[in-house]
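Below are two complexes that have chain A in common, paired first with chain B and then with chain C.
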Partner chain A sequence: MAENNPFPGENNTGHFWDGNLRELNNPPPRWWMIAFWVSVAWWVLYAILYPMWPALPGMSDGKEDFTPGILGWSSIKEYEQGMAQVQAVRAQYDEQIAGMSPDQIIADPGLLQYTLASSKVLFGDYCAGCHGSGGQGNPGYPVLADDDWLYGGSLGKITESITNGRKGAMTAHAAILTDDEIDGLSQFVVELADGGGGSEAGWALYNEKGCNACHGVKGDGVLAELPNGEVVTVGAANLTDSIWRFRPGGYESAKHTIKYGVNQPGVDETRDAVMPAFSNVGQLEGKLTPQQIKMLTVYVHQLGGGQ
Partner chain B sequence: MSESTSGGAQSVGMDEIYAEAEQWHVNTGNETIHAKRIPGRWRTIKWLAASVWLIFFLGPYLRWDGRQAVLFDIPNRQYHLFGVTVLPQDFWMLSLLLLFFAILLAVATALAGRVYCGYFCFQTVWTDIFTLIEEKLEGSPAQRRKLAESALSARKVRIKVVKHLAWVAIGFVTGFSFVAWFYGADKLWQDFFVGGANVAVYASVVLFTVGTYVLAGWLREQVCFWLCPYARIQGVMLDRTTVVPTYDEQRGEPRGRMRKGETQAAQSLGDCVDCNQCVAVCPTGVDIRNGQQEGCITCGLCIDACNAVMDKLGRPRGLIRYASLDEMEGQSVPALAARPRVWVYGTILVLALSGIIYGLSSLATIELKVLHERAPLFVQLSDGSIQNKYTLKVLNKSSEDLMVSVSVQSAVPVTVSGAEEPIAARHGEVSPGIVFVKIDRTNLEAENMPLTFVATTTLPDGTEVEAIRESAFFGPKP
Partner chain C sequence: MHNPTMTVDERPRMEREGDQHPSARRWTWKNPWVIGWISAVAVVLGVNITMVVLAITTNPGLIRGDYYERGRDVERTIQTRLAEGPQWTIQIDTPADIRAETASRVRFAAVDQVGQPVRAEQVRYYVYRPSDAARDFSLPMTQVGPGLFEAQVTFPLGGIWDTLVSVRHGDEEHSFAERISVLHP
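On to the complex of A and B.
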């Protein structure tokens, strides 16, 4: 063909159509070809070193269904190694915490920082759903960042609340009291919350109807004070401060609570006030270990209102 | 050179040069450039400028206060500059430093072309050293070319092996010195040769050794032509007033070979005798007589070459000289102070520099950050008072552990809890602390009240330092 090439001196393949259409031979530059073959070599090397091919049927050793590569690297392994490193760092703190009481943890600035940082995640997972991300509470769910505690804000009481849960109870008074009495008590509760101290008639009605049995003789929810400073409560709200257990609070809200009570079976409009138990003792799936409860106790105590 | 020198004597000197001239032509990247080395004024300046790089090699051995004077300690995130320690928190100064050097590059280019390329750039300097070694081992450009074409012989192998070993050695010293700035020179000498340094150290040294060897040994001017972005943007940085090595066309043209026996008086052609010496000495192989071009790194070596020839011919120097386009065309050149570029670039330079000086002179020993809790923004306590929660972050930039006391200043009485004990702030670290501030409902003046946190500490030498941070106290509508 070359002898009758109509385009001599041109680097063509000798293929012609229609007289002047021809295929030219323009090889890529040498550096390009070198880079190309280096890439191919890299690809082969990669297949040898790293996981690459799905295993043929029957070839997988039951664990991995791909060629593992001689380096034995996999992203899951890398992740697990990373996690093991994190765990190793955490372990030295966790071991110390295991042998300490919550107040000892609080006294140690380093451990306290570790506990607060690591419990933030626990709090987010287990507590924030009801109590809010920063313990700011939600309607029906108490604020944990204030110093108003239904069951006590000491470390011991907080541990108890998380471990065993809490369930409030208040009788529905709609059928027990007259409308006037309910109205009077509701107004009395608002007076107390506003800091007025309450009228004499109000106090008389409060004591006569037995409210003091749970809310205490002073109306602050305290039934007795123990010599060690702890208080005995049944979870009844402190009526003398301006913090309302059931928000938004105020006259109508108080009236509703008095009429329908709290956690009353058979009463449709009753208030719900249940906190589940979070202890995993008894191998409960998805619950907290005593160590986790200890750390959460410290976290909740440090939210702003621990006693 | 006297006027009376005879034309015949000039021609004798020129014959050799013309014999060489056959060799020189513009390189387009497909052959190795073997530039001729000749002494001269710009060659001397080039060496002086290149010697600035000695700092790179010797700097790590400077001591200050019992430690390396300049050490960029990346694992510990501490950057020591003589007496000053800079932490990552102060790195805004680095952006100012980069701005300063970027603008310096711009202003230098606008005024005098690629002076950085020609005199300071590591690619230029290292290539210069590499070719110097080549010349010492292989001889003049003609000998080098001959050696390259000659068949393989024991002599050729010996020369080539020594040359490449020398190049690799320089590459290694370059990498070793670079790492010393980051790893500490003492420690590097102790650890490196017994395998005690980490992978990053060895990888960096290998990378630098290979990089230096390939870039300065093999790629050379091709880096300036095809790899370096700065060479690409110079076109927009030069203007008609920029002073660059320029061929005086009006004086030189029409160029042509000098005829034997021609005298000064009977000269029929321009001053350029077409000896190609300017091309011969060019490290990037360009012909400056074609005007300013991308390959020209403005190193001035062609000026030296041309002046030497002009001296030989008894003609005035400066056929190629540092001059601007306007100057060459006989137009008036505005004074430096009358060019807007000088003022704009100068202002940015001064601003960046003053920012760096301010930053370095006001490096605080401790820094306080106050993060206000957002959920809840505030909490009402059972006595009616309002409480806000703050997370404090105390950064200790000193080299000692410090006890930092925190106090709160406010226009109304506040109760602070959590700050009774000073915060133990470890050196070079951020130490957190939680503080609660309580304000009585009756003292609440607005939904948002200013609050000032003051952290104070006593340094080991007895001086008191403090860090102040403004924050706010939030509450319900009073």
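On to the complex of A and C.
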């Protein structure tokens, strides 16, 4: 072929078309070759430095089933280091919180911020089931995002509620009172809730039947006020505001509560009002540590506007 | 054979067709105007056919056959539902920061007209994607307390979803709807 080559000396491959169109055997441009070999070198270097190949059967030491690379880097390790950094920052706060009382935490804006942010998950896991994702309550379950508290809204009382749980109690009056008396008291309770102040006859019946023993002489659920501002209650509802413990509230609802009571054993229609104890002290696994209860106390207290 | 003084049109017909026709046909198809026009028509028809095929194959199935009758009856349906509905107090608790591709807990609580927890045999959470019936799904809600039900839900996409909690109690079934907006992942 070479002897018949009509274009000698130009390094063509001997392939011609249409007489003078021919394929030349030129090397690729230098920049292209450099880039090519650099990429090959990069690949080899990467394989040496970083994890790249899956391990052959029997090669893995039980931990890693790939070639680790001489740098020993892996994305999981990087993630774990990142988490450790976060933990280190948290540990600093957690250590501070461990030595403080809830009101000291509230007084420190930085710690308060940290406590509220980190308790949100705890609240979602342990409290939101009954009290709603934002503390807005559920039909049958008390609202936390207001300043109406059955057992007192002070930090101490909230800690007590979370630690030991609460169990409401009210006698079933169906067999104790007459239908007329139940009817009268139901109407009286609705009057109070509507802000009417209640009729004289209603108050007389209320006191005569001993409702004041739990709901207080003013009907606000407060039995006594202590000099430090704390109130003594037995968890009986405040009847003088428009918040109903058992929604939807109103005459029928009040009548039902009076007739069948709260948590009365043996009464089918009785109200169910139980909050479990959340302390892990003397309890099964999966409950809250004292530190977590402290943080939740602050969170719940702030939900109620800090009152 | 040819008469040099005759023009093309004056020649005998057979002779004229015999030598003119092949070259005339070639010329027609080489004309850019003809090719352009034919291509334009082909493009228009092609787009039409594609749109029709797409409309049929990706139909989300959201149009009902009896849409007119249903629309006419909507007021009566609402009135009937109100009259027949249970006098319950309910709450569907969807977390405010619910996000697509992340598992979230949705809760449903219901009490009857005197405030007693509702006893239900089966509670199911239905989720409808308004723009795509193929994305609809449903899952059961489990009872976690008196009158309190919960489901772990992972929405595949952000945006608007129509949700429906369906409560079955004996022969009766009651539904409670809520339209929610899910954050993008």
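One rule holds in what follows: the second predicted complex is superposed on the first by the 222 of 307 C-alpha atoms of A that agree within 3 Å, B and C clash if a C-alpha of one lies under 4 Å from a C-alpha of the other, contacts with A are read in each partner's own complex, and residues count from 1 in each chain.
Note that a contact is a pair of C-beta atoms (placed from the backbone, for glycine too) under 8 Å apart; a residue touches a chain by one contact, two chains touch by 3 or more.
Note that the structure is predicted; figures quoted are calculated from it, not measured.
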Report task. Pick one for A:V143: touches chain B only (first), chain C only (second), both, or neither. Result -> first
Query raised in the report: After lining up the shared chain so the two structures overlap, which partner does A:D272 touch, if you call chain B first and chain C second: first, second, both or neither?
Result: second
Requested in this report: Give one of first, second, both or neither to describe whether A:P248 is in contact with chain B, with chain C, with both, or with none.
Outcome: second
Report task. Answer with first, second, both or neither: which of chain B and chain C does A:S133 touch in the superposed model? Result -> both
Query raised in the report: In the superposed arrangement, does A:D65 touch chain B (first), chain C (second), both or neither?
Result: neither
Query - Which superposed partner A:E23 touches (first chain B, second chain C, both, neither) - result: neither
Report task. Identify the partner contact of A:E208: answer first if only chain B is touched, second if only chain C is, both if each is, neither if none is. Result -> neither
Report summary line: chain A residues contacting chain B in one complex and chain C in the other 132-134, 136
Report summary line: chain C contacts chain A in the complex at 88-91, 93-96, 105, 107, 109-111, 113-117, 144-148, 150
Query - chain A to chain C touching residues, read off their complex - result: 124, 128-130, 132-134, 136, 138-141, 244, 246-249, 252-253, 255-257, 269, 271-272
Query raised in the report: Taking the complex as given, what residues does chain B use to touch chain A?
Result: 373-376, 379-384, 387, 389, 421, 423-424, 432, 434, 436
Requested in this report: Could you pull out which chain A residues touch chain B in their complex?
Outcome: 109, 113, 116, 132-137, 143, 145-148, 195, 238, 241-243, 302-305
